[in-house]
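Given below, in the form of structure tokens, are the structures.
Paired with chain B in one complex and with chain C in the other, chain A is shared by the two complexes that follow.
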Partner chain A sequence: MTGTKTRPSRKSIVILLLLLALIAGGIFSAITGGRSDTGITQLWGVIFTPDSSLPQSVLRDIRLPRTFSAALLGVNLGLAGLALQAITRNPLASPAILGINQGAALGLTLSLIIPGLTGLSPDAMAVAGAMAAGVLTFAIAGGLRGKMDSMRLILGGVAVGAFAYAIVRFSFTLDDELARSVVRWTVGDIGYIRWPQTRWLAIWALAGLLCSFVLAQRFNLMALGQASAQGLGSDPRITLLLGTILAAALAGISVSVAGPIAFVGLVVPHIARIGFGADHRILVPATALTGAALMLLADGLSKWLSAPVETPIGVIAALIGAPWFLWLTLSTKESR
Partner chain B sequence: MSLRFGITLTALTLLCILASVWSISAGAVQISTAEIINTLFNLDGPKQEYIINRSRLPRTLLALVTGGALALSGAIIQALLRNPLASPKIIGINSGAALAVLLGTLFFPDIALRWLPVIAAIGAIAVAVFIFALAELRPISPARLALVGIAVGFTCDAGVDYILVTASTYEFSAPLVWLTGSLWARGWSHLNAVWPALIALSALCLLLSFRLDLIRLGAAQATGLGMNVRLERLILLGLATLLAALSVSVVGVLGFVGLMSPHIARKLVGGVHRGMLPVAMLTGMLLVVLADATGRVILPPIEVSAGILTAIFGAPFFIFILLTSRSEDET
Partner chain C sequence: MNWLLRALGATAIMAFATVTNAGEISHELGTTTVPDAPKRIVVLEFSFIDALASVGVSPVGIADDKKRDRIIPAYTDIIGTDWVSVGTRKTPSLEVIASLKPDLIIADKKRHSAAYETLSEIAPTIVLDSLAGDYHASVAQMGVIGQAIGKSAEMETRVAAHKATMADYIAKIGPKAANYSAQFGVTNAKGLWLHSPISYNGSLLKMFGFASNMKPKEGGVYEKTYVPTTLEQLSEVNPDILIFGEYVDPSHVDSWANEALYKGLAAVQYGQVFNVTAHNWSRLRGMLAAEMTAKDLLEIMSGLD
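== the complex of A and B ==
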């Protein structure tokens, strides 16, 4: 490509700022809130002079896994949103809008209520539910016939999501025990995450990042239009399938760990695109970084906004993301 | 049309009565039809006064008036926006009303029940003004309008979630049930807070229904016939908004009733609003009474919110309409 001289330098500045925001957000999130007195000194202590004092163990066993999880969830959901927006060529697409998050929640709920139903683990059920919802939404939009109607995609996705979510709530009504513990989960909460879940998220984030890199060039071709992509030797249907699997896996795991967090997958790719343009080979890492930074800030906000009561991170995401979605619906062009 | 219309209307009325009787009899305690009749008409013989008078009767009546109101609201909105996908829930009115009521109870914890409908109306009108102004100000496809409405709904829902989780004390568990669209623990006080207004507004809508047919001819023709189209649209939209808002203020966000009923009515008696509107209203009544009663009998004593049931049936219905309305899409 004919690269200009100004572009790389502007990009590196943006990346630098983003990384700074990431680190600042991470520290902010790790040290603020909570009942125990932990500050920057304790954080320093955990890294350089670890001991088993109370503040340090709070930081090590509760705060840090949560902070890392927030960042990893941002990566996962951001990449899922990026993949969905690429394969549908629709700026409004995202795991929550297309019903994929709710499908995952349904799969997870089914596996919790009827444990022996399929023999799959809860995580696998979440991914399967996400996949089923995604395929259903694409089918409604006409994607299986090769021509996706952008409005119908979104409206169909919302309806699929409403349906799946109604069944989830129906299940909760039947199971009192589950219902009590689940109110916070349904809006997306990461307050109870410990290291095992964090490790699990990290594995998936890494795998998602790798797969997204592999698919980046296909996503770029998709942007040229289905016909052009085909002409350049990339079958759009395969891209659609691979992208759906990727998004369903990432969203499914995120939902099974933290509940259906909406709008992160929608907003993050848009922010990344503002800073880095439309080339997916750059957008993939950019989206991952942006997602991590945004979720860290959201996590910090969730502890700070209504302290000492914590606002679940999913609510923060919705408060930021829903107006953004509204603005997008008003500003995107009528034609596809 | 008139014979078909008469038969449909009679059949639906009968069905509504049957469903209401079933709704009164069904639940954790079964009540026989004889007992119901004895209690309602104060005859001699075995009665079940406590359960019927304290719980099931007001609840069933509430289901009837709110179901009819939501259906009328949906029918009017679909006609005025010329949008088969529209309904008070889809275009965000319901969520706006819910957010307003929640804010009201948050800031004024001891607010009297009869003020809640007023607060709900304010929230709903705010959303409605936004949506309808948008639809008036620039050409907008039906699908996009539904989309913007959904986005407005999401935004209000985010506010609702925020209030619910940050202020989740004991007093706030009641709104939680209420928000899912439930008639659980609704009694005479709720009914009394809304029924005069709902019935008056519904009657007004039925009286004005022929104006909808004129408007549907198109703005130019209607003006030619001597109508002030703008004003009439505004009045009708205001009525639709108020109907939905008042319903939401007592039974919460009961989704998809306003969407489904007009479509069912159109299938039954065709698209002429004079006939379609009363049929839609009866359909809405029937749907909500059935949803409420079904929710009670699935697994007594647990109650499944009526709103969950309407969503389980309504969402696939929405998808069906979406798939069959290709011609109206992307105009």
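== the complex of A and C ==
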């Protein structure tokens, strides 16, 4: 435990930066949008001098639920990535790479093209698809037998993801309007979100946060290796199962709301680890905050970049996430 | 300005087409030699059916999206129902097209440019800008198609009659239209797409004298013909008259019914939100299609002061 004296000060700077990014991202997301008469003044107005004017109602009824949803999506995707990276002990694990996002996309697409197929709601279909894809990938990697092979995990995930997405892409060739609906949703569009959807996301994010906290110690033990975890009295298969369910549920619900947003689940836990180390009890809230900040920034950019037309948030998230991840990979190698 | 350039360009193509040999047709992707009077024609967009029907020619194959009722009775009354479906407009089946042994294929610039070489191996292919072109371009294309199928004279007569019909509609609608801004959009379950001023419907509304509030900031022009639009963006456009084509019921727009911002739209407050048949307005383009649109607009405007 060296450096206990310097660590708090560094951490507090990181926390401060993170909170600043969160607030800045939140304001950026809330003050950008289609209407030129709704900006920072109205945001202040909503907080300090609420009235029933139209610009304020735009902020209250349209912008704020979207802003909160962007943050909550960041929380959900970040936590899903964190859980997957912990249980697989693989820094490359993320909902997109393990095929979970694509599985959710397939579930949702099926519910769109054959509405009465299972009687499940589109959201439930997305979670079911995510769960099925996750379990399939883990089965391919040998995870169900308690011995996960990293290489087979990634390869399995890529295969499952490619297969699921092939079927999603097939739907693009169907009826024009149906294809437009699916395409629109696959690029990640959250412009339709209002408070009811936000509440729904908030419940999931809160549940996800709680479950992640409960599992944090198990994740820490998992980091020592499956055998060591077992030796310390934590059955890795149970951690694996619970982690998968958690990640699939969080990724599934995010995908059903906003389409398959890639890279957030992959990058956010890495950024959090740089600032806060490897202890999952701290990483859980740190990842949640980092995910929220990143997605708020992405949402603001999505509305601002090519105004008056929106760039889908999924595209922006990938544009921020991909170079970040590349830089991360390269710089980690150099330091070794 | 953009629409003007497009109209000029289309007119130039048409003028060029008329001075070359009867069998040489200039189109978006070059010049194609076509037989004197093609008998087996395959069309890959609906506006080309409009062109064929207007001179009483029946295609052997149509990209009808595998839904035969997408070819409305106004067309089937003329072209019959003997065509073979060659698949969707987006991804027509090259095999089925080849099996029909066509002697002319009419394809769309935006949808089928990538397949131009392959289509040309099957049969002489001309490519016209239907999907992304405006109304004036679609009328100009009528002349090109008329020439390609060896019916220039008949087509000219029909185009002249169409222009007279439209002039009549403009005379009736125009004076009132000058007082309003109007906007057309299509909506499905997931979103609303406004048809921008450079689109087919946008240029039609402009021709009738409606203003468009769809103005990009700082003097830019819309590059896109179909613009995905949120409620907030729609409220910034805020036209006096809103015309929606709903592909599904309830549509994405219907989900806004109880929102303050939607209720605050000028068109909603004045009771000037109208529903039209999405298929006729959005998927169909051409002369008969434009006349149907004009009829709808006349009906809409006769209810207003």
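Rule of thumb we're sticking to: the second predicted complex is superposed on the first by the 315 of 336 C-alpha atoms of A that agree within 3 Å, B and C clash if a C-alpha of one lies under 4 Å from a C-alpha of the other, contacts with A are read in each partner's own complex, and residues count from 1 in each chain.
By our rule, a residue touches a chain if its C-beta (ideal position, glycine included) is under 8 Å from a C-beta of that chain, and two chains touch if they have at least 3 such contacts.
Given the structure is predicted, the values throughout are model-derived calculations rather than measurements.
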{"item": "Fit or clash between chain C and chain B when superposed on chain A", "value": "clash"}
{"item": "Touched partner set for A:158, first chain B, second chain C, both or neither", "value": "first"}
{"item": "Chain B versus chain C as contact partner of A:185, first or second or both or neither", "value": "second"}
{"item": "Partner with the higher number of touched chain A residues, chain C or chain B", "value": "B"}
{"item": "Contacts of A:68 with chain B and chain C, given as first, second, both or neither", "value": "neither"}
{"item": "First (chain B), second (chain C), both or neither touched by A:308", "value": "second"}
{"item": "Touching partner for A:166 - first (chain B), second (chain C), both, neither", "value": "first"}
{"item": "First (chain B), second (chain C), both or neither touched by A:329", "value": "first"}
{"item": "Touched partner set for A:138, first chain B, second chain C, both or neither", "value": "neither"}
{"item": "Clash with chain B (superposed arrangement) - responsible stretch of chain C out of 4-12, 22-30, 94-102 or 274-282", "value": "94-102"}
{"item": "On chain A, the residue positions that both chain B and chain C contact, one per complex", "value": "173-174, 176, 184, 309"}
{"item": "Residues of chain C touching chain A in the complex", "value": "65, 67, 88-91, 188-191, 193, 216-217, 224, 227-228, 230-236, 247-248, 252, 255, 259-261, 264, 283"}
{"item": "Sites on chain A touched by chain B in the complex", "value": "92, 140, 149, 151-152, 154-156, 158-160, 162-163, 165-167, 169-170, 173-174, 176, 183-184, 187, 262, 305-306, 309, 311-312, 314-315, 318-319, 321-323, 325-326, 328-330, 334"}
{"item": "Contact footprint of chain C on chain A as seen in their complex", "value": "33-36, 38, 54, 57-58, 61-63, 112, 173-177, 179-181, 184-185, 189, 191-192, 194, 307-310"}
{"item": "Residue numbers on chain B that touch chain A, as the complex places them", "value": "85, 134, 141, 143-144, 146-148, 150-152, 154-155, 157-159, 161-162, 165-166, 168, 176, 180, 255, 299, 302-305, 308-309, 311-312, 314-316, 318-319, 322-323, 329-330"}
